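Naming follows writing order (A, B, C and D), and every chain is counted from residue 1.
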Amino acid sequence: MGNLNKIQVSVIGAGTCSDDIASLAYEVGRHLALNDCILLCGGLGGVMEHAAKGARDNNGQTIGILPGFDISDANPYIDIAVPTGISHARNIVVVRSGMACIAVEGSYGTLSEIAIALELKKPVIGLNTWDISPDIIKAANPEDAVKKAIEQIKNRF
Amino acid sequence: MGNLNKIQVSVIGAGTCSDDIASLAYEVGRHLALNDCILLCGGLGGVMEHAAKGARDNNGQTIGILPGFDISDANPYIDIAVPTGISHARNIVVVRSGMACIAVEGSYGTLSEIAIALELKKPVIGLNTWDISPDIIKAANPEDAVKKAIEQIKNRF
Amino acid sequence: MGNLNKIQVSVIGAGTCSDDIASLAYEVGRHLALNDCILLCGGLGGVMEHAAKGARDNNGQTIGILPGFDISDANPYIDIAVPTGISHARNIVVVRSGMACIAVEGSYGTLSEIAIALELKKPVIGLNTWDISPDIIKAANPEDAVKKAIEQIKNRF
Amino acid sequence: MGNLNKIQVSVIGAGTCSDDIASLAYEVGRHLALNDCILLCGGLGGVMEHAAKGARDNNGQTIGILPGFDISDANPYIDIAVPTGISHARNIVVVRSGMACIAVEGSYGTLSEIAIALELKKPVIGLNTWDISPDIIKAANPEDAVKKAIEQIKNRF
């Protein structure tokens, strides 16, 4: 963890999602906050927004690493916005900035993030997501996902 | 194709590979050159190097979009080097710069490129590669891969 | 300011500096914290480190947007690290992430950040820095720099 | 020059320019082509377009490293387009990809490129451009600029 005081976890997932997936994302955010972890995400809607809301509602802190140019692109539950202006390349920054990544469902964009995380040998915890490798650590539910992310981080850092 | 005179095709694949995969990559490069296409790739070893050699040996032109800082990182079959200095984020530049992508086998890095290409609705032709979506157009062999890439480009641009 | 609750200000300057410049940077960080602003910077040494220390010593929050790959590259006064892995291209992310930039002295790297900020029509407050344009708002001292940054932001957002 | 067969020179300058500056840019492109150098630039209008035209009209080859997403953003004199999708961060890729940079006039965007080039200790040849450092090598005219760029490259690579 270097000099940092708090664990940073990235939540990755699509910009639009069903109510069921929104609930999963919210619970991931909630459990990250309850465990005093900082939540990083892509800062937009869908999984990113619901996870951020779950963290915010529980006094957690949220960072949005945005693809575009404007701080105002961030969803309403982001505390600190980092508008990268580098479009899809910001996916890689989201992955790098988490000590572990929790993937919640997701489409091709999320798959690209999972693949980069595995390439970088970063722990990836999966919830209802792409089943493309045994290197993805499957979680039974959001609480389990957060527990496994923290365990992985404590083992590695 | 905008104002460009020639078709640009990106070849994606791992930085190390078996002899069999090297042959496939070489043949992809050869057929791109025979069809007067410009080959773009990540500029390093393995699939990138063998594809570039196949193009060069047949009077094709090759562009290497490098992750690092130095022009001298390019393999010996690259004509023009673009050292981006943006590390894995250059994968996305490789994908964007091809009017289509041909994926030859590949590990997680290649998977991230395939996923980004699909996210961007760019044609992806697969040779012995990740079988993660029906959106990947499977090719029977290198000649077929190049033929399908050109067909896709002519239909879309 | 979009949905954000706090003002974000980027402090830019060189990775090594004299004691006098370190004091200026520290005071900029201190006044940002006293005004409840979040400090963003490049996360490394010199001006970045002293500004972050000034903020931290006064209960401010600090974000380090790093050029490299590792969270552990951050100086000891960074609360949240964003390792971009995009090298000098991260300068642009630092500039974009501030609602205003305060430049403290600086060499060519800082000049590139000032130039990008002016190109993006972002307010740039200068303290002992490059005198290359009337568009740079000169500050008499760190307190004045922070005051002018906040004024600019309130006028523009 | 690593494995490359040809010298790569980046021409940097604004996206709009006067007729006089357009002539200077055209002549820079022409002399690069006459010296068998590959011209790289940002691929858009103004200095970039006139330099590319000067090279193309003299059988030179031109590479456009674009800020946006589309190959079709390239001006009509670009042979190979690299749409980076990373916005202003592509300025740094343009600088890195030249073994030397020739700056023709230019506003803040060009200044940011000059500053990055100097930071990277890359030779910068200046024609009617920002006079911010003795490290910029002044050229008397386009022919002289190309001559000085080639000399610098031969001394360093």
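For this structure, a couple of remarks:
Note that contacts are C-beta pairs under 8 Å (C-beta built on N, C-alpha and C of every residue); 3 or more make two chains touch, one makes a residue touch a chain.
These figures come from a predicted structure and were not determined experimentally.
Simply put, of A-C and C-D, more C-beta pairs touch at A-C. Fitting chain A to chain D on Cα positions gives a rotation angle of 180°, stated in steps of 5.
Mostly identical positions are employed by chain A and chain B in their mutual contact, as over half of the interface residue numbers are shared between these two copies.
The chain with its Cα centre farthest from the Cα centre of chain A is D. Chain A and chain D have Cα centroids separated by 40 Å.
Inter-chain spacing, taken between the CA centroids of chain C and chain D, is 30 Å. Centroids of chain A and chain C (each the mean of its C-alpha atoms) stand 26 Å apart.
Residue numbers of chain A whose C-beta contacts span two or more other chains: 69, 85-89, 92-93. Against chain C, in their complex, chain B makes its touches with residues 69, 85-89. If you check the complex, the residues on chain A that touch chain B are 86-89, 91-93, 107-109, 111-113, 115-116, 118-120, 130, 132-133. Of all residues in chain B, only 1-6, 8, 38, 40, 61, 63, 65, 69-86, 89, 92-93, 96-97, 99 touch chain D in the complex they form.
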